[in-house]
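In what comes next, subunit A is part of two complexes: it sits with subunit B in the first one and with subunit C in the second one.
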Partner chain A sequence: MRPFNHINANSLDTASELVKSGGAVAIAGGGDLLPALKDNIFPEYPKIVVNLKSIPGLDYITLDGDTLKIGALATLADIARSPLVQANAPILARAAGSASSPSLRETTTIGGNVCQLPRCWYFRKLNNRFDCSRKGGGQCFAIMGDNRYHSVFGGAGFNTDAGEKRTCIAVNQSELAPVLNVLTAKFVTTGRVIGNLDFFGVGVLTTTVLNRGELLKEIQIPLTDFAKNSRYKRFAFRKSIDFPVINLAIAVNSDRSQYHICLGGVAPTPYIALKAEELLNGKTITPELAEAAGIAAAEGAKPFEANAYKVQLIKTLVKRELLTMT
Partner chain B sequence: MPNQPTRATLQSASEQAAAALAAMPLRPEVVSCPLCSRQFLTYSELSEHYAADHADSVAPAAITLNVNGKTCELIIEPYLTLKQVLQFHLGLIGAKEMCDRGACGSCTVIINGKPALSCNLLAAECEGKSIETVEGIAVNPRWRPLIDQYCKWDAMQCGYCTPGFLVSAKALLDRNPTPTEYEINDALSGNICICGTQPRHSQAILEAVKLMAAEVSENG
Partner chain C sequence: MADLLGANGTREKFRVVGKPNIPGLTSYALATGVAKFGADYIAPDMLFAKILRSPYAHARVLNVDFSEALKIPGVVDVIFWTDPIFKGIAPNPIGGAAGDYLRNEAHHEGAEVAAVVVAESEGLCDEALNALKVDWEQLPFIVDIEKGSDPALPAIRGPEYDESGTYGPPMTTADGIAWMATHYPDDPRKQGNVGWSTKTEGDMEAGWKAADFTLEYDVNLHDVVSLLPNPQASVAWWTENAYKSGETLRIEGAVGRRGAVATMYGLPNDNVIQEGVFQGGKYCDWGLRMAQEITPLLSKKLGRPVRCCNTREENFDMCVNERRAHVKLGVTNEGLITAVDDSSLIDHGAPNSSEMTVYDRDWNGYYTLKCENITQLYTVVDSNRGFMHTCGQFVPYSWDMITVGLYLIAEKFGKDPTEIARLNLHGPDSQRDLNLVPSFEKCLEEGKKEMNWNWHAAGTKRLPDGRLHGASFRYQMCPRHAFLSYFTKLEYRGGVVHFPTQGPVAGWFGTECFTMIAAEELGLNFEDIVVDYDYRAEHTDEAGGSDGVTGHGWIVKECANLLKKRILEAVIADTLVTTSRFGPMEFPKAPSPFAGYSAEDLDLMNGCVIVKAKPEISVPLAQACTATVTADYGGNSPKSAWATQFGRKLDTMNTSWCEVAVDIETGEVEILKYLVVADVGKVIRRTSLESQIDQVVFFSQGAQLLEEYILDPATGVKLNANMLDYRRPTTLDVPLVSKDILETRAGDGAYGASGISHNLANSHLIITAIHNATGVWVDPPATPDRMIAALAKGGKL
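And now, the complex of A and B:
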């Protein structure tokens, strides 16, 4: 790594001010940031790394009435082990327990997992060799290049700081994003409260809608029916130390009037399968319905040259998981 | 039936570890500027020198690490990972660097009783935590059966990833002294062995568990 100064923040506000002033990045678990710094993928190498772990009291997992509150610095291992999470939101414990590897889960945090940068190989190429749109550059190299792990639901448009329109087809690879989406979590930042549908976004060097200097403080999960009857499934090429190619979370309320289905790894933001939800709402699962829902979930997919296999994966995963909910 | 481990190998493993631990500097012998090699008496003089002569450079930080039960005062660059500090400042070469991206587990150490990857942690953020490396495990007679069985079942080929596996295994046995094969494979799933020795690890650990349980009952 190149030289940088290291500052232990003592409150979120000071950390936020430092990051906002430029040239500084915040570090929580370091699972995403340190490899990025070693690979030197940022257009501007940060001069200061602000440690958030020194801020006291941000790694809690508590139950407040009907809401499960998780501090942004709670580690994935703590969430996976927590009896509170296991009893109230089992799919969250399961998803947290299947991310990366056991030793990495002990240090990486839930805040870092939902805010991690895309895993596109053009974006992550050593020494910033591809000036891609996600770094403020002109184009998305994956559209014409090797896109076997990229979006099947098209690219996402966004504006650079200078106001120019750009596209990116890298997927959101967060293990927890689909789960937090189906559980309708709320994201509390230093300035506001953001709902699950608005939190994830696409922008230059970000996968969320957080502004520069805005830091995630807490994730609130309402413990409704949805948290009780839910499923999580990931498809990855390796069991451990691998990002899911596709991960899927499904939740349903007790009278089955509403289904929540969210897929990760198929679109630039976690993909809500609205068509499948509409098809399923108010119905009990039968094998025919599960198959139809799988096809509905993949409706509108426009795969690129090398990733048509993901469409079949979506159909199969959705069908299989629905069949376990009969 | 695999061969009995040679005593010489075992002896040299724990002797090497003991020698490395004994040679670990507890405080820097000289406080010298990494940029111009000027020597100073204290850290505060060094930081004054930095402010005056190298204002644009990143000043070293003074930290205290608790490694294998010993408290070490260090003057390090704040951008060094724990793995680099263990190797270059403390001379502990047990934790190995393979991928350096948190994807292989060769650099596993135990921090506050939990396995963690030393290549993916900044040393400056480990202050005040208890760090245990493979050397600390190798010199402890309690873990002798574990190393013994690793040799006996030949759970290594080139041996580069073995310290990481051993530390993960020790962390597992600390919190679960009688693991099943499934639990062992699960706990070791963050370590990669390209030589393909994975099945031997669970075998060695299961045998070590039996031996350690027998030892405990013998000693009352």
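And now, the complex of A and C:
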């Protein structure tokens, strides 16, 4: 790892100012950033690493009325074993408890999990081998390369800081993003409150819409009946360590008038399966309906040859999880 | 029981060998973290080095502007391939003509090339590497061996890698069996990047004529990595030594044979001090890495200790090369194979890669068949996929052309593949021997019993949970290395037997096995043998896992018997001494109870010297023998059928069995049961044996379910060369291996033992079980993406 200055921030404002000034990155649990630094994947190696863990009081998990509030520095392990989360948003506990490995869950945070950079192997190749579009370069190497783990719902267009148009087909593989989506979470930052549908994004060196220096402070989960009737499923090639190839969260309200279905690992941002939701809204699950919903969830997919299996997985996983909700 | 040469081949009673729960001598160190691996070594005032690595699959460094790198405070030097220190170095570990150690041409992405930076910290080395402005000349490359098999493509290797001198008759074994040739005299000459090698035996025309039909199929083997999880590293420095002429090299962490390091630097062994016995896990990968070899050169130039340590990513060298076999069998209506035609397209890897993985066709299993008509045409393609260090995976890994063939014949006739295997397997003595092989029969019987074997045709059995059930079987011969020579020395002094060994401590805990053998032969207990880990010792554990331990064990057995003879002779010599001395004083000595006996009349038992005819005459060894006695024994162990006949003779055998469940909608494969029934001849140390089986099966499961070496087709860059993306199985992904160990004493190592490790490695046992479940072939690894694609192609989705 190349040398850098390490600064322990004592407040979010301080941290925000440091990161905003350029040449600095924020670190929380380090699960995402440390490997990136070791592998030297950034076009510009950060000169300063701002430690957020030194900011007191940002790792809480509390119930405030009918809202579950989780500090951005709460670890995945804390969330997984929190009685409050287990009782009020069990799929969040389940998702947090299934990420990565036990030791990494003790250090990695909910903030880091939802803000993590893409796992694309071109993006992650050491020594910034591929100057890809997601780093501001001119090309998404996965489009013509090995894209077996990439998006089946097309690429995301975005602009560089210089206003140049770029495309990327890397997927969002956050363990918690689909869950927070179906639970209609709100993301409180140092400057604003962002709804679940608006939080995730695609840009140069980011998977969220956060501006430079804007830091995540808290995640709020409204405790509606969606949270009580929900399912989470992850599909990975290995039973531990791996990021999910596809993960899926489904929630339904008590009168089944509204279903929320969100998939990770299939698109550049968490993918809301609107067609499937529309098909299901107001209905009770039957085997035929579950199968139809699976097909609807995959509707619009335009896979490459190498990742066509994901379409089959979407259909199967959605169908099977719905069948557990009958 | 085998007709064994040497002492005690027919021993029937064992006190130590085979005893369960003998502890590992270094287990405490390993379990507590005391054990030091390469990356753990440091030295005062040391510098750090890092080697430039190529970002391209094939490139030449034309120039390096290092001015910015040298401006970084703490960066000490940047050393280039042109530096005299890199000239005239002999390759390691096999040796050969001395040449340039560091070159300016890289033949695969990640290869060390052209420059080394040296700095006061590892981070500064990274900073310096980043500051180098390298003028790369990108060169044509091949990472797709099928595309690369076009002879018209421009050559990717320079004239220095010319193969014209490799056309000639094959080497022959001690039994006169034609063994390995890179190219046979009549082979077409290499064109571009493509070489050919054809070996034909028997009468192919007669073979095809005798067949009622032909069967053609593909067996594709992908490349997997060696993956050394303990980063390879060394720290080295030079000292003047008042007691030896010339400089002394001290090198720590470069675990391996001391002789290899000394040879590389042209030093007498005594001028190399080597520290480090723990090497961590690896599968038959004998090569030291540049990080382990280069530090003496750098230290000599810079006058300070230098450390160099690979990252894990830098350790992702290939272990097995890619091979695509197209096999055509002539088969009778009874299921008997009459002709074999194997046309394989094989990756040659980057220059100087191990060719043991490429040309050694003889261990591939065809010779276990009654069929003697065999043609093997190898099309070998130079590539830039990666570098293969010396390794031996090839042997069993390519055996599954027969596993699949026998399975397909069985499928055609609706028969159990074990029946087809029995029909085609020749007898113990030759391919024309029609007798059954007792060891195989026993392994078959036990396997069927334990698996509750009830064969079903492909795609016909569904489990209660809806998944499809499949099962498979394969057989092999148990191996024993008999082509290596070994050396052992034992020393009795002060009432204790010392066993000096340089190690290294590897996965198979060979030292414990050898210690048990020595204790057995000397009438001592395991604890009575003191193992001295000493880099100066000649004995090394680097003998090839259980395959080597059984060969090397024979040498230890002989050495222990020699020592025993000499100890007993010393006891008798002591009886002739009537006085003992202390300074100027002389005392009469008590008469020895062994007076009047000869050494042949005596024996060692339970730590005592006894008179054979009167065991009640017993004196503790320490009292009976006060002399210092040594014995050494070296050379080859007896010939082994495995290493000289390659399957034409059969002694100890094994069978492997696998049951899988396949979720047809998700492509997930779960191994329900994996059973190994192995006739190892004689168990030496059960824990070592079982761990050998565990690791080789783990390797095989990983290779068939998850692991593959993924390269970007456009750039040749390795995309998954890291612990996360490469996906070795976790313990949650594979089941515990069931084991049934048989002891027929039919092997040809010590006590009739054979090894186990290599020949359990396989590429298609699980793949065949998947076919039995689904009726669809998938090329390994059977990851869900490949499974879904294969199932869709096969009309199953």
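Throughout what follows, the second predicted complex is superposed on the first by the 326 of 326 C-alpha atoms of A that agree within 3 Å, B and C clash if a C-alpha of one lies under 4 Å from a C-alpha of the other, contacts with A are read in each partner's own complex, and residues count from 1 in each chain.
Keep this in mind: a residue touches a chain if its C-beta (ideal position, glycine included) is under 8 Å from a C-beta of that chain, and two chains touch if they have at least 3 such contacts.
Predicted, not measured: the structure shown is a model, and the values here were computed from it.
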| item | value |
| --- | --- |
| First (subunit B), second (subunit C), both or neither touched by A:116 | neither |
| Touched partner set for A:173, first subunit B, second subunit C, both or neither | neither |
| Contacts of A:16 with subunit B and subunit C, given as first, second, both or neither | neither |
| Touching partner for A:30 - first (subunit B), second (subunit C), both, neither | first |
| Partner chain in contact with A:1 - subunit B first, subunit C second, else both or neither | both |
| Comparison of subunit B and subunit C by subunit A residues contacted | C |
| Which superposed partner A:51 touches (first subunit B, second subunit C, both, neither) | first |
| Subunit B versus subunit C as contact partner of A:147, first or second or both or neither | neither |
| Subunit B versus subunit C as contact partner of A:241, first or second or both or neither | both |
| Which superposed partner A:103 touches (first subunit B, second subunit C, both, neither) | first |
| Set of subunit A residues, in rising order, touched by both subunit B and subunit C | 1-3, 38-39, 239-241 |
| Residue ranges of subunit C in contact with subunit A within the complex | 55, 121-124, 126-127, 130, 311, 313, 665-667, 706, 710, 712-715, 717, 719-720, 724-725, 727, 729-730, 732-733, 783-785, 787-789, 792, 797 |
| Of subunit A, residues touching subunit B in the complex | 1-6, 27, 30-31, 34-35, 38-39, 49, 51, 53-54, 77, 100-104, 106-107, 239-241 |
| Subunit A to subunit C touching residues, read off their complex | 1-3, 38-40, 45, 121-122, 125-127, 129-130, 141, 144-146, 148, 235, 237-243, 245, 306-309, 312-313, 316-317 |
| In the complex with subunit A, residue positions of subunit B that touch it | 57-59, 61, 77-79, 81, 100-105, 108, 111, 114-117, 120-122, 124-125, 168, 186-187, 189-192 |
